[in-house]
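The two complexes that follow have subunit A in common; it is paired with subunit B in the first and with subunit C in the second.
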Partner chain A sequence: MAMLLILLRAYMVFLIVVILIYILRHLIFSMNRLSGIQYTHYPDIMDSDLPSVTVMVPMHNEEKVARNILDLLSVIDYPQSLFEVIPINDHSTDGTVAILDQYAAKFPYIRPLHRSSGRRGKSAALNEALIRARGDIIILFDADYLPPQGIVRSLAVCFKNPVVGAVMGRVIPENAQTNLLTKLLALERSAGYQVDQQARQNMHLIPQFGGTVGGFRKDIVRELGGFSPDSLTEDTELTFRLLINGWQVLYNNRIECYEEVPEDWDVRGRQIRRWARGHCQVMFRYMGAMLRSAYLSPVTKFDGVLLLFIYLVPLLLMVGIADAVTLFFLDQVRLLDSMFIFLAVAMFNIFGNFAPFYQVGTASFLDGFTDRIRLLPFVLFNFLFNMLYTAHGSFDAIIDILFGRTGLWQKTERFRKS
Partner chain B sequence: MAKNRTLPKIITAGAGFLLFLAIIVPRVIAADGEPSQMLPFHEKFLQFMQYIFTVPELFWLLVLVMAAMIVLPFYAAIRELLHPRDIQAQTVDMEYTKEFRYFERAFLEKLCPVIGDVTISDVRVVMLSKTEKIEVSGARRVMDPRTFETIVYVNGDIETGVGIVFEKELIVAGSAQLGHDTLLRAISVRGSLTLGRRASLSRWAGADGDITAGDECILGVQVVSGKTLLLGQGCLFKSLSGAPIQIAPSHSERPAIVPGGDIRSHAWYINRDGFSLPPGVTVEKDIIAKTNIVVGAGSRVRGSITASGTVGLEAGAVVEGSIFAESGVLTAQDCRIGGDIFSQHQILLGSGTIVGEPGSVRSVIGKDKLFLSGGVIIYGTAFSERDGEVIP
Partner chain C sequence: MTIAKDIMYCHRAYRKLSERIRSRQLFDFFAMSLPFVALIIFLTPTILYFFNAAAQHFLRLSFGNSVGVVNTPYPLFGNLSLIVLMGSYPTPLYCVGLSLVSIIGVVVLMSMRGIARSVSVYVSFVLLITLISSLFFLFTPERFPYNIEGFSDLYIKTELGIWCTIPLILSMSLLMLPSSLAERMGIIALALLYSLIFGLARYVIFLYIIGHYSYVYMAPMFIAFDPPLDTIYIVGIYSIYMSIVSKRYRKDSDIWQCS
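Let's turn to the complex of A and B:
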């Protein structure tokens, strides 16, 4: 019993320290964006020698959105001799196949890849498309994205720097005004990109490749063995594989693209559960290799640990709540007598609730959407919702690792009306 | 007149707080018996808390206050949800592409459909983003000091004297030769453009032909030439484009800038301060270093250079690829760079440095500062977010 009590107390101390570190991280990122040195990168470069580019668009039953993205890709500003589009029909059973063939007949540089056998999922689809791709640079868009005319050039030019392995642009919800969920997701995206990603770029930490509105060097990914077919977050996996091998991942806040965010809480829940599960898989696989990498500084490694660990925090929090309740009924609340613990809890209560809101508010301010800040209190519900599904996803990942289970790729439902 | 609602709110809140104190304090004192009795603070506080829980109306009052404090922040959020003010999605410019003459084209696209017959000289009123007057004329010569308050369209060449002021855009179908101390907002020229000494541009200038800017010109936000863009000494700029951009040779010779230095022998060495490539050697690959890099005089790098620190090129050094530096980039005289140059801080191109080659487009971007010395040639663009300057 004494040992159990020590463990329960130790867990509380550990959890409080972890949370304090994440709180400080949020605050530092927000401060950096408000008053730190801002690092822009290469989209201002104009160069007549551009690399050859293959744009890949993985699609599984995307008839609602396929035409939109293909129309936009057909007017992209990039030399045609250096440009091709591979829409990947991944086991579609709706009208996607016919749409892709129709565009392929019209535009010679649109070369669809139809997959009806083999493993389904984004990683497997990308691996097959990588074999067919002619471009040196691969640029990815999800099917619901609406790429602007100049985006391919802006992404491709970043690869003039020989250390850049992958480039990530900014995602902006086009259906932000639909309902409370989409509005909250717009706030969340704003904080995630405008503050979090850009601050990590500014501070030479780890900006994350998001698997869409971004690109990577084909040769590197092929040399690294392509994407793991059982990975649910191939983007996070690629980020860490590149970093471990000495390549840079670049984030550029000015390369913007519209996306469609989920309009339904259930769809959103499944999406975030998949992200959490995939992210934790990457953590289990690459944490050790990242810590051993000779190319990363200690500070970058520390940020890498925090980044890999982030989807596990809600699960730890839920365990922490259970721990606190247990300690209470075991009459162990004297834990708070310790000045250190008291200060930690006080700091968490004062700044902890404040830090993420500060980050969201900062992002809205930087974007010039000050009216949106009024919705800030509702973000609380979003956090609670995310915590539940993220914890579920992390738990899935732990079960995966314990029992050798593999996850099945689940496509996010689309909502576009026309 | 809008009502000032802040004061009544403050008064109401203050009155509520005083009422709250008026209810609680006397009862606490009464319960305590002896208000002058000096108990330690924590005992007083505990006594107070005990009292609250024994008086139901106080307990519920506190619950009410706490509930109000929790709900209050949601008031604005619920209002925003029911009557949204934030009604537009964040804008992504779907048609944005990188273009040298973006500002000029955007202006001309508005002007051309509404300007009418330009062979008739008169002053006309058109609707652009707001109502504007345009003075249309044929070729003209304006030698006496004068201020043009309207947009000016010249259907031919224009020549001006000293100190002419154009408060709005100047559009020239032929060539333009503007005298010393001209003040301009923006200028678009089909032929060639000459700006006299100390001419000052606040926004953009574009010309299909050559652009020549005299010494000490201030070149606004962007200057783009379809042919050669020649800058005199002491010009200030933000963004330049030309095929090529050329800096007039310095009036006086200055000693060569040799960054780094201390290259001891024909051997590679790495020290704490950085990596130095000795003079006269050729490297066949990219150089990537988390430190400073100095390329020795006359050395050649057949790839690109990326450095976390500063990149320095000694006299006559050649980099066939691009240079990316987190810190500065410094070149001595007569260096050659085949690709782009990008620095998060400063770039100084020494005299006679050439970037790119005829027919190519390359970029030189110094985020904080960009200094171009006499005789520098850049095939493409030069840009600085803060200041660009031509130095001797």
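Let's turn to the complex of A and C:
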């Protein structure tokens, strides 16, 4: 019994230390973004010698949004001789196929790839499209995105830096005003990009390639063997594969693109569960290689550990709550144990990017979200919701690794009205 | 038609605070947090005396003269005043009934869809703790380690921890803002005052429920409604203040600079 008590208390101390590390990490990020030296000079690059670009748009039953993105890509400001669009129809059973063929007939640089056999999923689809792509730079958009006219040029020009392997832009919800969930997700996105990604860029840590509103060098990814077909977060995987091999991932806060965020709690739940599962898969696969990489500094490696570990934290917190309940019934609750729940709720209220409330506040302050910022307390109600789904995803990843199970790609449902 | 602007504001991608504000951040953190922490430690016996006297007053309206206050020593904070009241154990039948209600509640809530999902997960959590508690009292009631005084001790110590943490967390959160030190200290004082009043109200309600409806509700109240609810009002006060500050400084070219 004494041993059990020691273990229960030791686990609580471990969790408090983990929480304090993340509190400090995100405080440093917030301070850096608000008043540190900002690494934002890439938008100033002007060059007429542009690389050839292939824009890829993976689509699975995207008839609600396909026309919007293709319309916008058809008026993109980029030399036509250096530009092509490959919308990837990945086993669609709705009107997506017809829409793509219609646009292909009208615009010669739109060259759809229809996939009706082989493995379904974003990674497999991108691998097949990589073989057909003519551009040196691959730029990705999810089908619900609304790329502005100059975005391809802004992304492509960042590759003028020869050490840059991938570039990521900023994602902004276009349906933020729809309901409480979308407003909360807009706060989350703001914290994740305006503060988190930019601070990591400023501090030469690990800005993440997000798999959309971003691009990468085709040859490098081909050399690295393409995307793992069983990966559920091919973007996080690519980030770490590039870094481990000495390439930089660049975040450009000025390259903004609008997206559609989930309007339904269940859709959101499934989305973060997939993220957690995929992220933890990447952690299991690349943690060792990242720590051994000769290209990364010790500080960057430490941030990499925190970044890879982050989706496992909710599972640990869940065990921590069970621990706190056990200690309560054993009359072993000490100040630290009751403070654990308080600190956990305060610090891990947003699980998409794990921003504590002061990071969301800082981002909203910078973005000028003067009214939306008042919704912050509602974010806390999501703590258990997010923890449940994220922990489920992390648990899935552990089962995957133990039993060699592979996950099936699940497309996020769209809500756009015609 | 003129297209000229008097002031060109920086795009949000490049916006950052001016150097002037950054230089005083470390000083601000200590200046905002330490006086409050020192004050709480110094005034704890007095605060708790009034806290418990008020709780005793309200509880006596329902429980009469059976409500008492005892003092117990606590390192650093001096004496802790605690409420003493006769509590009761739930009957086995009550535990079975409560277990069934909790299970049904969890099943119904987890099948709900739509906007209520995040709320239903939270309520399910409360019901789950209630289920664990009722099963505990059904099978091993003699092992339950608390009485009202024990719960009072746990609650007061948790409140003390939270009162000391509020100045630290809020100082950390507010230290990056361009508003005056006095104003930000006012926000911390407001959060502490709210915490005292809300903490007292919650204390009375908890003790009333436990005193009237048995110890079985002690675990869900402490685990699900104590520390988690404290974060709500702290963040609530922070968010309202941030909204005000955001509006005030949105177009103040003195505090912003382009990176």
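Convention: the second predicted complex is superposed on the first by the 391 of 418 C-alpha atoms of A that agree within 3 Å, B and C clash if a C-alpha of one lies under 4 Å from a C-alpha of the other, contacts with A are read in each partner's own complex, and residues count from 1 in each chain.
Throughout what follows, a contact is a pair of C-beta atoms (placed from the backbone, for glycine too) under 8 Å apart; a residue touches a chain by one contact, two chains touch by 3 or more.
Note that the coordinates shown come from a computational prediction; the quantities given were computed from them, not determined experimentally.
When both complexes are overlaid on subunit A, subunit B and subunit C end up clashing with each other. By the touch criterion defined above, A:371 lies against subunit B and subunit C together after alignment on the C-alpha atoms of chain A. In the overlay built on the shared chain, the residue A:153 is in contact with subunit B alone; subunit C does not reach it. For subunit A, the partner with contacts to more residues, out of subunit B and subunit C, is C.
By the touch criterion defined above, A:172 reaches subunit B but does not reach subunit C.
In the superposed model, A:83 makes contact with neither subunit B nor subunit C.
By the touch criterion stated above, A:361 is placed in contact with subunit C alone, subunit B being left untouched. After overlaying the two complexes on the shared chain, residue contacts for A:256 are found with subunit B and with subunit C alike. In the superposed model, A:44 lies in contact with subunit B only, and not with subunit C. After overlaying the two complexes on the shared chain, residue contacts for A:180 are found with subunit B and with subunit C alike. Within the superposed three-chain model, A:103 lies out of touch with both subunit B and subunit C [touch as defined at top]. The clashing stretch of subunit C relative to subunit B, chosen from 5-13, 77-85, 131-139 or 185-193, is 77-85 in the chain A superposition.
Counting contacts as defined above, subunit A residues 40, 43, 180, 256, 367, 369, 371, 374-377 meet subunit B in one complex and subunit C in the other. Within the complex formed with subunit A, the subunit C residues making contact are 11-19, 21-22, 25, 113-115, 117-119, 121-122, 125, 129, 132, 136, 143-146, 150, 154, 157-158, 160-162, 165, 169, 172-173, 176-177, 219, 222-223, 226-228, 230-236, 238-240, 242-243, 245-247, 250, 259.
Of all residues in subunit A, those touching subunit B in their complex are 39-40, 42-49, 72, 77, 146, 148-150, 153-154, 160-163, 172-177, 180, 183, 186, 190, 256-258, 367, 369, 371-372, 374-378. Residue ranges of subunit B in contact with subunit A, taken from their complex: 73-74, 76-77, 79-81, 84-90, 92-98, 100, 241, 286, 288, 303-304, 306, 321-322, 324, 339-340, 342, 344, 359-363, 365, 367, 380-381, 383, 385.
Considering their complex, residues 23, 27, 30-31, 33-38, 40, 43, 170, 179-181, 194, 253-254, 256, 264-266, 269, 321, 324-325, 328-331, 333, 335, 338-339, 341-343, 345-346, 349, 357-358, 361-362, 364-371, 373-377, 379-385, 388 of subunit A touch subunit C.
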